[in-house]
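Listed below are the structures to be examined.
One chain, chain A, appears in both complexes that follow, with chain B as partner in the first and chain C in the second.
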Partner chain A sequence: MLRILRIYGTLIGFALIVVLFSVLLPGTFFTSGNLINISQQISMLAVVAFTMTIVMVMNDFDLSVGSMASLAGVTAAVLFSLGYPVYVGVGAALLVGLLGGVFNGVLVSLVGILPFVATLGTLTMFSGLAFLVSGGRTIFGRDIPSEFSGFARGGIPLDFIGLDGQKLPFLSLVALLVLAVVWFVLEQTTYGRRLYAIGGNKEAARLAGVRVKSLRLSAFALTGLGAAIAGLMYSSRVASANPTQGSGLMLDAIAAVFLGMTMSEEGEPRVLYTLVGVLILGVLDNGLTQLSVDSYIREIMVGAIVVSAVAFSSITKQSR
Partner chain B sequence: MFFAGTIARGLAALLVLTGVAMAQNVTVVTPYLAQPGTQMYLEGFEAEAAGKGWNVNVIDTAGDVAAVISRIEDAVTQKVDAIVINVDPAQVAAGLEAAAAASIPVIGMDSGADPLVVTNVTSNGYAMAAETSVYVANRIEGKGRIVMFVFDAFPPVQIRGVIADAVFGNYPDIEVIDRITPDVQDGGIADSRAKMEALLAANPEKGSISAVWAAWDQPALGALQAIEDAGRADEGIVIVGIDANPQARDAIAAGGNFEASIAQDFIGIGKATADAVARAISGEEIRERVTYVPTVLVTKSNVNN
Partner chain C sequence: MNALSIRNLSKSFAGSPALSDVALELRGGEIHALMGENGAGKSTLIRILAGVETADALVLEKDGRALPLSNAQNAHDAGFRFIHQELNIVPQLSAAENISLGLPYPRRLGLAVDWKELNSRAGMALSRLGVDHIDPAMQAARFDTGDQMLIKIASCLVDAEGRTADLYVFDEPTAALTGEESEKLFAVISGLKDSGAAVLYVSHRMNEVMRLCDRVTVLRDGRNVLSAPISETSKEEIITAMTGRSVAEIYPPRSSDVGEAVVYAASGVSTDEVSRIEFKLRAGEILGVAGLANAGQSGVLRIVMGLAEPGKGRIEFGSEPAPKTPSEAWARGIAYIPRERRREGLMLQMPVCDNAVLPHLDRLRRLLFMANRRGERAMATRTADDVRLKAAGLSQPVYQLSGGNQQKVLFARALGRQPAILVLDEPTRGVDIGAKYDIYALVRELSEAGCPVIMTSTDLSETLGMCDRVLIMRDGAQQAIIDAAGLTPADLLSRIYAS
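What follows is the complex of A and B.
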């Protein structure tokens, strides 16, 4: 019984939250329209959390993802405002994300700075760059091409499965694609197994012939790329870009990974569990808003839930 | 499981507290709740809403604009009677479209005008500039040399400059000797001060500058510092600003060169927003795309009110 609780406690908690909202909000919460809304609302956080999982597998962190998301957004928007086509802006933003991630990786793996310190430093650097690139302004209106902002409003019509007039948002689709790629890389390739080996015991992994340095570097590059993708999604959703808009993503992403880790028997991050963590955060935001719960109380509750889930899992593990 | 049970109890308690009744539900979404102006809008709004018996749900997304869209979507799902936003409508168009599709009226509380917003309640920038520029013209008896501080790159400030240009242009004996756009990277005071110092140096004779008209308070404060430090505070140079921020109020209360500014009625904007919501809920067609709330000229006589 305890074993079941230990592994499924968070999942059961999530299910209870969903049931609770469905009962308290009959006819509005558990509807296809609202569930599709939630999938779109969490898509940006999901992408950051999925790619954050890659570095957290090695017990590393990337605190710079939020400011990287902002930097990627303003990079694309500034290029749009200079008249470059959408693919140039998007490509440049993704490149910035990849390079920023490589830079983090170099600091952490080659120079040997603690990830917390290294990415705290790059958090500030990327944020400063975002202000510099944008001149501190919000770029919006005619500067943002409609093809770019239209992406976040579009989707695949779901008429063919009976949901007439509804569509699977492109943003949700991007998050699903990123999930599939991260899942494949972490769970189905030797690359992923090696990252888990580094997370288990770095020294043992190195002695076993795992190229720890290059693997850590590449993992940070992927996290940076993910942050840039999320930043572009955010800019598309708000049809604008400003140098601070991604800053809320980092803490939520780490919280989602931690929530997911409570479901793993080994206490390791798994990307599918991270998805559950993201869903818990997203469902709470959506349901509590519909219940008209004060936004500050909402924040306290979300924080308390993260803490209690992790505490619960830690207590049950100790009692083994 | 334990924590989920706790949440269930917490939610049940909250439901009782918030009182889910048949009253009208209005959701206010803002990313800027921490800002003093927004707090005052809400104070006025909630006072009116309480009188009307509405359930008001105020949602602060703490600077997150995408979350504003998400929360508008949630309010639409919840089928609220009206939504109030305090954010640039262009940035939350996706949410406004969802509200429009569900026929839920969205009212702007100093948000900016937009076809998807029933009406935007705000202060009239044209009127504010007219009041301060006419104050200057009257004060110097329609005659003299004026320095203007403007910022044409920012539309809400640009319209103020247009009006002041027109007013001063209408007096044959008023000459605008410079129309300065200060660098606002540092907040606007320091660079305005430097520009004003240069102008004072270029116009050394007493009385060669009659007044400074600033499109907002910071350049007026910078000009005041420059004039005082140049030892020319006793020449009777009249300075006016717009916004009546606390620093400007202090300067006006001190009784020096900084004589007047304009205060927006933030609480009044909140109240007028509630009135607009009531009209929209009742199904009335609101023709004013923008609803203006009167502003107050602040001078030494009323600065402490």
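What follows is the complex of A and C.
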């Protein structure tokens, strides 16, 4: 019984939240339109959280994802404003994400700085770079090409499943794609198996022939790339870019992974469980906003839910 | 305390009984040995006594009065103290702080820590152990494993000065100690006994038990099979009780000759840790590396494993250059069992299967990078069977296994492919006698199939029983290589000291 509660507690909590909002918000919460809307609202957080899972599998962190998302967004927007085509801006932003991730990886795995310290430093660096690149201003309006901002408004028509006139947003689709890739990498490849081994015991993994340094480096690169993708998604959605727009992502992404970790047997992160964590945060945000709950109260509640889920999980683990 | 009586002790995990109706009668002023093979239930019994694990059924009486035991505080209040085989030392703190860990520190004016008092308190505990070479003010990280064990033991004594402890439980305390340190420990344990405390002593070392203990209880498959005064039993009877089979030859004899082909040769190799290493490893040969504690034995193995860079000298291994990383070494078929299995060997939270196949993922993969779960399970099934692993299944997390079975998981890892060289650092450390048999048989079988083995062991009779030649180390330098045939442990010991 306790074991069931421990493993499924988070999932049951999620179901309760959904039921609660459905009852409190009849006719507006549990509708296809709102659910599709939620999927779009959470897509950026989802991408960051999924790729954050890759480093957290190794017991590492990346605190710099938020400012990397901002940096990637403004990099693309600045290139757009200089007249470069969309693919150049997007490509450059992704490259910046990858290089930033590699830089984190070098600091953590080759230099040997604790991930917390290393990525706290790069958080500040990336944030400063974002201000430098953008000149501290928001880039918007005619500077953002319509092909770019149109992407976030587009989607796949859902007429064929009976939802006439509704679309599955491309942003949600990107999140699903990232989920599929991360799931495949972590669960189905030898690369992913080795990352879990590093998380289990770094020294033992090294002595058993795992190339710990290069794997850690590459995992940070992937997380940086994910942050850049999320930054681009955000810029596309709001058709603008400013040097602070990604700053909320990091804490939420880590919270989502932690929520997910409460669901696994030995407390290791799994990307499908991270999805549940993201959904919990997204649904709460959506429902509480619709209930016109003050945003400060909302933050208190979200924080309290994360803390209580993790506390519940660790208490039930101790008592087994 | 006069008597501590444990009766009707039962405990099962997921339906399979770990202890059934076990009884243990401990008396003040008596050293009671607890023995048994891996998985016999010793660790479970100790965890229950420590209040870490809750028994399904238990009658616990001290001098005829029932005692509660459902958490660690109960155990502490009951006067139970535990010295575990795995050290729980905080390396950043000083020896004195480690000794007083968990106790209120002495303070000046109720505020600042009274370091002088703290250190002198630690010094007194250490001197009761007969230890005078440990400076209490020094950081614990700077002491070797043997000294850290002594610090740990001293921490139990300092506790005893406030409240008297009634029961000391030693879980393989000598596993990491040198002979000299062990002697000091035995003196201390005898002192505790004379002070009227009961001692429960878990060890795999038969000689220690015969010498030190007054009474022995043997568990097999979670049941009492023998409980007798030491004076009325014998080594043979105890081993028979533990294993359920009679004492045959402990070390399986070599039935074929060592091959002629040289598989691995090191000449004049020096690294940061060791110098002047020179040996040839022939097909099927078992080369032992012996010496006093920390004389560089592991350093020799680290050369073979690509873990230490040879600054000088030459290594020949096949046609390619010698491996420079563990990853290259495994890829070339060198299989390694590190010294500290929990720290260096295992991913404790992860399943048996993942632990066993880790170095072989590349050989099993499909389509360049896809993990092949079915292939992994097949390999783990085969190797777990080869090493006679006792586990609830391949999905069981390794931390739930006994020490001997954890070691077998590492052997299963080494057998994922036919090893080209087997590198064993203390392969039977903290392993019970039944698992030792299995490991000796396995190593012998591999060597007879032509696989060369290089191993360290602090157990001299093990070195002589298994090895063809012994490389003797002293202060990080190679002293000699001698033929093991016909040597006695005493001969070897004198060579270790003399050379």
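What we mean here is this: the second predicted complex is superposed on the first by the 320 of 320 C-alpha atoms of A that agree within 3 Å, B and C clash if a C-alpha of one lies under 4 Å from a C-alpha of the other, contacts with A are read in each partner's own complex, and residues count from 1 in each chain.
In this section, contacts are C-beta pairs under 8 Å (C-beta built on N, C-alpha and C of every residue); 3 or more make two chains touch, one makes a residue touch a chain.
Every value quoted in this text rests on a predicted model; they were computed, and no experiment measured them.
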**Report entry** Partner contacting more residues of chain A (chain B vs chain C)
**Finding:** B
Query - Touching partner for A:140 - first (chain B), second (chain C), both, neither - result: first
Report task. Go through the superposed model and pick first if A:274 touches only chain B, second if only chain C, both, or neither. Result -> neither
Query raised in the report: Now for A:293: first (chain B), second (chain C), both, or neither, which partner does it touch?
Result: first
Query raised in the report: Counting only touches as set out at the top, which of chain B and chain C does A:127 meet: first, second, both, neither?
Result: neither
Query raised in the report: Where does A:64 make contact in the superposed view: on chain B (first), on chain C (second), on both, or on neither?
Result: neither
Query raised in the report: With the two structures laid over each other on chain A, which partner does A:244 touch: chain B (first), chain C (second), both, or neither?
Result: first
Query raised in the report: Which holds for A:44: it touches chain B only (first), chain C only (second), both, or neither?
Result: first
Query raised in the report: Where does A:193 make contact in the superposed view: on chain B (first), on chain C (second), on both, or on neither?
Result: second
Report summary line: Contacts of chain A common to chain B and chain C in the A-superposed view none
Query - In the complex with chain A, residue positions of chain C that touch it - result: 305, 307, 325-327, 329-331, 336, 338, 343-350, 354, 358-359, 361-362, 364-365, 369-371, 397, 413
Query raised in the report: In their complex, what parts of chain B are in touch with chain A?
Result: 1-8, 10-11, 14-15, 18, 20, 25, 27, 33, 55, 57-67, 69-71, 73-75, 77-79, 88, 90-94, 97, 185
Query - Complex contact set, residues of chain A against chain B - result: 5, 9, 12-13, 16-17, 20, 24-25, 28-29, 31, 33-34, 37, 41, 44, 136, 138, 140-141, 149, 152-153, 234, 237-240, 242, 244-245, 247-248, 285-286, 288-297, 301, 304-305, 308-309, 312
**Report entry** chain C partner contacts - residues on chain A that touch it in the complex
**Finding:** 188-194, 196-197, 200-201, 203-211, 266-268
